[in-house]
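The block underneath contains the structure these notes are about, expressed in structure tokens.
The letters A, B, C and D name the chains in turn, as written, and every chain counts its residues from 1.
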């Protein structure tokens, strides 16, 4: 049991480390396509951490929605705009040193804050099990209204995305 | 409807104006017919009101009263009597005929007819408002459409004329506004209500000052010498129907103001200013006559003749007796019909010849016999030929002024001779003599134009032959007014 | 809970910082969008971690995470559509070349 | 007593003809004339029985309120007393005859129906004047007569002379009319009524309330101004000769028989008023005498056949006015009636001559007697009547006037009138001898007798000219004078043989002299003219009165008009525009202040902000990630600030 726990701990930390590495890959790689692949890896890694946190349903959603849908979208767009994106061009702008300094400051400060904060972790909360059924009941019961609102937003945004992305007919009409 | 007949009369044109706004720009026929039918309806309403009008009664009738701005005790108060009702009737007729005359407007018809109907609302409101504040509002409402009507559809110097008209009149009416406020604050309780204000007593000094303020506003509108110079410009530049309205109705607003406000509110001041008014009247009559004699522009001549003829109204007012008042009131009505007709006739000629130069015409009597006959008719009416309305009113004015002062009457008769001179001189230059070959292609007056003139001719003759048809409506009110003025 | 809450929070902080760094420095708009996804992920992780360890109603965190995923998807869709439109008009996907808001 | 028939019909019938003719004349064409003549005849038929009853002593009056003058009702109606019935009798008969004549004379004129419309309107107005019972109605109809005169003088308005003449006629009479208007206004102020009968009873029944004689004198004087204008008395006589531009029947009807006589009628109507204002009568007499003499003097040298007659008319009207000025109501009215007949006849005869020869200058005529016998005979009869040869009508009436002057002691007036009578006879027979006798002087003139439609009225009027004097002659014991005296009292005089002899002598001398000069010794005329050249020019140029008026009245009027117009444009309007310009100038100054000082301060604030902005604007890179970085920095700062305690 202890060993198992240890392995799983090691596994989780390893996953975390790997995810961070891939995350760095997302922001640092020159080839955008590689970036996207790294993002996929990050997402999958996060899904694994979800599993470790007993959020299996969310992990599944993460894989399906993110990796399945959003990533596809991203990759399509990358390919559509690819011929122009010279991999040789500098992919970061001039403010990266400043950004690094600022962000490190934030990370340090927030990190200390996080470590020092006495989080009210309760055993009851730790023991609670969340089944898919209870999630479904909450979604359709307590959170039915936000759920519907989200669905409307989703539809509206998709239609909007289509309208925006669509080529203007009149634009290419005369030529 | 019977109880709100005056409101209907005032606001029907406004309804028509909004109806015009909803018609597409291009449907000019529809716009014209909407306007015409509106003016016809207003005229019909005026006739209906005539049925309700009790001629034997001296006070206000058909009163409509509603609180408008309670904080300042401003009321929506309409009413009519023997002074305002003839003016309402005149406005209805002149508006109808001038609308017929407006059918020749060729550009921006929609705006034109909208403004035209707005103008009619303003005029009607001015004549029936019995609340000083409401009166002032209507008085100013008249200015705005008039400004645009002259400034857009006028002749070559239209902007100048329109601005001059607007600023001049506005300057006068601001003094009037001060006067109105003075009356308001002097009254206790503070009120703009004419029916209450008439009975109150005011100090002589206060009366004099406020009388002068009102006088300035009204004098510019009449116009009384030396405030008359906007008139020739506005008349000459305005399109024909607007000249007709200007001469037929707008000028009367000034003298109406004397009858309605200056005299009943400030009777002591009126008596005090009597000699001054008589002198101004004489100056206007003689001066206008002489200047009209010197004109070569047809329209300008008629405009100056207005100055002269409106002088008779002032003379009757200055006489301050029964005959003077009757004559002045009748002169207001007859001048509206006669000068309106003359302007229409100038327009008829101008439409054909595109010239108003009196010296350039000649011999049109043979070329346009019907036009010649009608022009002669109106000229004779204007110079005060008996059996036409102008004679009766001038006779009554002279009779009244004779009772006041013989010298004044004697001098004013010079104006009558001058009227005959400049009108016959005009007739000679336009109609008589050899035909200028340049005008050999002019066509005679057509049926529609005769139709616009015929009602005026009928009115002129009817009043001239039997003046009681209109005087009987005025006399009780005027006698009541005389009692107030003479204490 | 196998590992302490603080560690997960630190991890998500680092993930968030990395994403923010990407947003701040990447020139390619698509890169920025991808980085935003990273940030959203970090936030989701926080939601789940807190719901697992401190909340009395354990479903809440997960449900909000689902909402966030949904919103993230729409954001990606709209954002990418804008990228396409921009690309079509300006022939570029680099932020420093799109500076109409400049003084 | 109310008349058995509606008297209002008498003027209304011609008025109806006018209305129909003016509106439908285009379709009626020559039938217009029939309508006018028919209505006129009908009016005549209605009027004559009424007049007959009045001659037998009846008196008709009726009235209804027309207008309220203050509290006093003004009543319009008719009044048929001896005076008005006499005129009614004359006007209807003469008017009808002249219209019959005009049917022939005007034949073929393009404005035929218009002519008869105007004439009918004139008849209506004239008849209204005659029967009206008060000054206002009288004045109204009087003015309408003036209008008709204007329209008919200007009938051939294509001619500039006609256009000028009609305007001159209207304006000149208008001046007199204004006097008339002032006159009856004064009268109203004095006695409070405009009604003739009431006026008569108030003035003659004086004593109840003392009358203001000064005011009455003023009233009488100003009313007489109306007569001066209408009856073409000096100094307003200038329009009448020019009025001959109108068609000849009009000259006969309006400018000889009826309208100009209406002025005399006005004085006769107001006789009680004049009698009550004794200091006005000498003025009347003086004006009448001057006119009678002056016009006759002018007539001596005129060449235009109608102008001679016009001056003759003025002269004869002067006679009538003189008679009235000498309180000879009967004499004046009598002469009015007789004159109407023979003068109308003279004009119609002249018209016939013009119609036959198409010339108006007597120097181009001559020897017409054989070619136009009817015209010539009737013309001579009328001329004899005018000259005062017994027993024609003119003799009796003129004799009556001379008698009045003589018997009332105005010997000087008598002398002038006698001289005038001599001149009258002379110029009339000068006209006759030049026109009808001698040889034809212009071979181009082919004269012919006028049609029967024109000669029949001539004969009818000739009969009238002969017999109309009988009622006032000793043969009927001066019935007419007595008849007039029923209505208003005036001094009557016994007939005097001396006066008659003088009158006849003057007339015969004039005729004989004219005969000698113009038939036998033709060079005498020219020699005389040369010998008395100033006098001749004075006569020929009508005392230069037209020129005087033109120079001292018409031109100054126009000049005043122009000066005042200039004044209006420059001074009055200049003041208005000047106010405008001054305001504009002020606004420009303020504008300068506004731009450079007030606005300068505002601009400085703006410029200063702009200056500062040149630093801060650098922050606005337009580069979103930059902004985000700033946000991050801000968050960092915030965190540092918040967490410094930890």
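Criterion: contacts are C-beta pairs under 8 Å (C-beta built on N, C-alpha and C of every residue); 3 or more make two chains touch, one makes a residue touch a chain.
Everything numeric here is computed off the predicted structure, so don't read it as measured data.
Of all chains in the assembly, none touches chain B and also chain D. Note on interfaces A-C and A-D: more C-beta pairs are in contact across A-C. Across the assembly, the mean Cα position most removed from that of chain B is the one of A.
Separating the CA-averaged centres of chain B and chain C is a span of 80 Å. If each chain is reduced to the centroid of its CA atoms, chain A and chain B end up 84 Å from each other. Averaged C-alpha coordinates give centres for chain A and chain C that are 6 Å from one another. Note: centroid distance chain A to chain D, computed from Cα atoms, is 114 Å. With touch defined as above, residues shared between interfaces to two or more other chains in chain A number as follows: 93, 95, 99, 103, 106, 110. Across the assembly, chain D contributes residues 625, 629, 632 that each touch 2 or more other chains.
For chain C, residues touching at least two other chains, in rising order: 20, 24-25, 95-96. The touch graph of these protein chains has some other shape, matching none of line, ring, star or complete. Contacting chain pairs in the structure are A-C, A-D, B-D, C-D. Of all the residues in chain D, the ones that touch chain A in their complex are 625-626, 629, 632-633, 635-636, 639-640, 643, 646.
Those residues of chain C lying in contact with chain D across their complex are 20, 23-25, 32, 95-96, 99-103.
Partner chain C is touched in their complex by these residues of chain D: 617-618, 620-625, 628-629, 632. Chain C contributes residues 1-3, 5-11, 13-15, 17-22, 24-28, 30-31, 33-35, 37-38, 41, 44-45, 48-49, 52-56, 58-60, 62-63, 65-67, 69-78, 80-85, 87-88, 91-93, 95-96 to its touches with chain A in the complex. Interface of chain A with chain D (complex): residues 93, 95, 98-99, 102-103, 105-106, 109-110, 112-113, 116.
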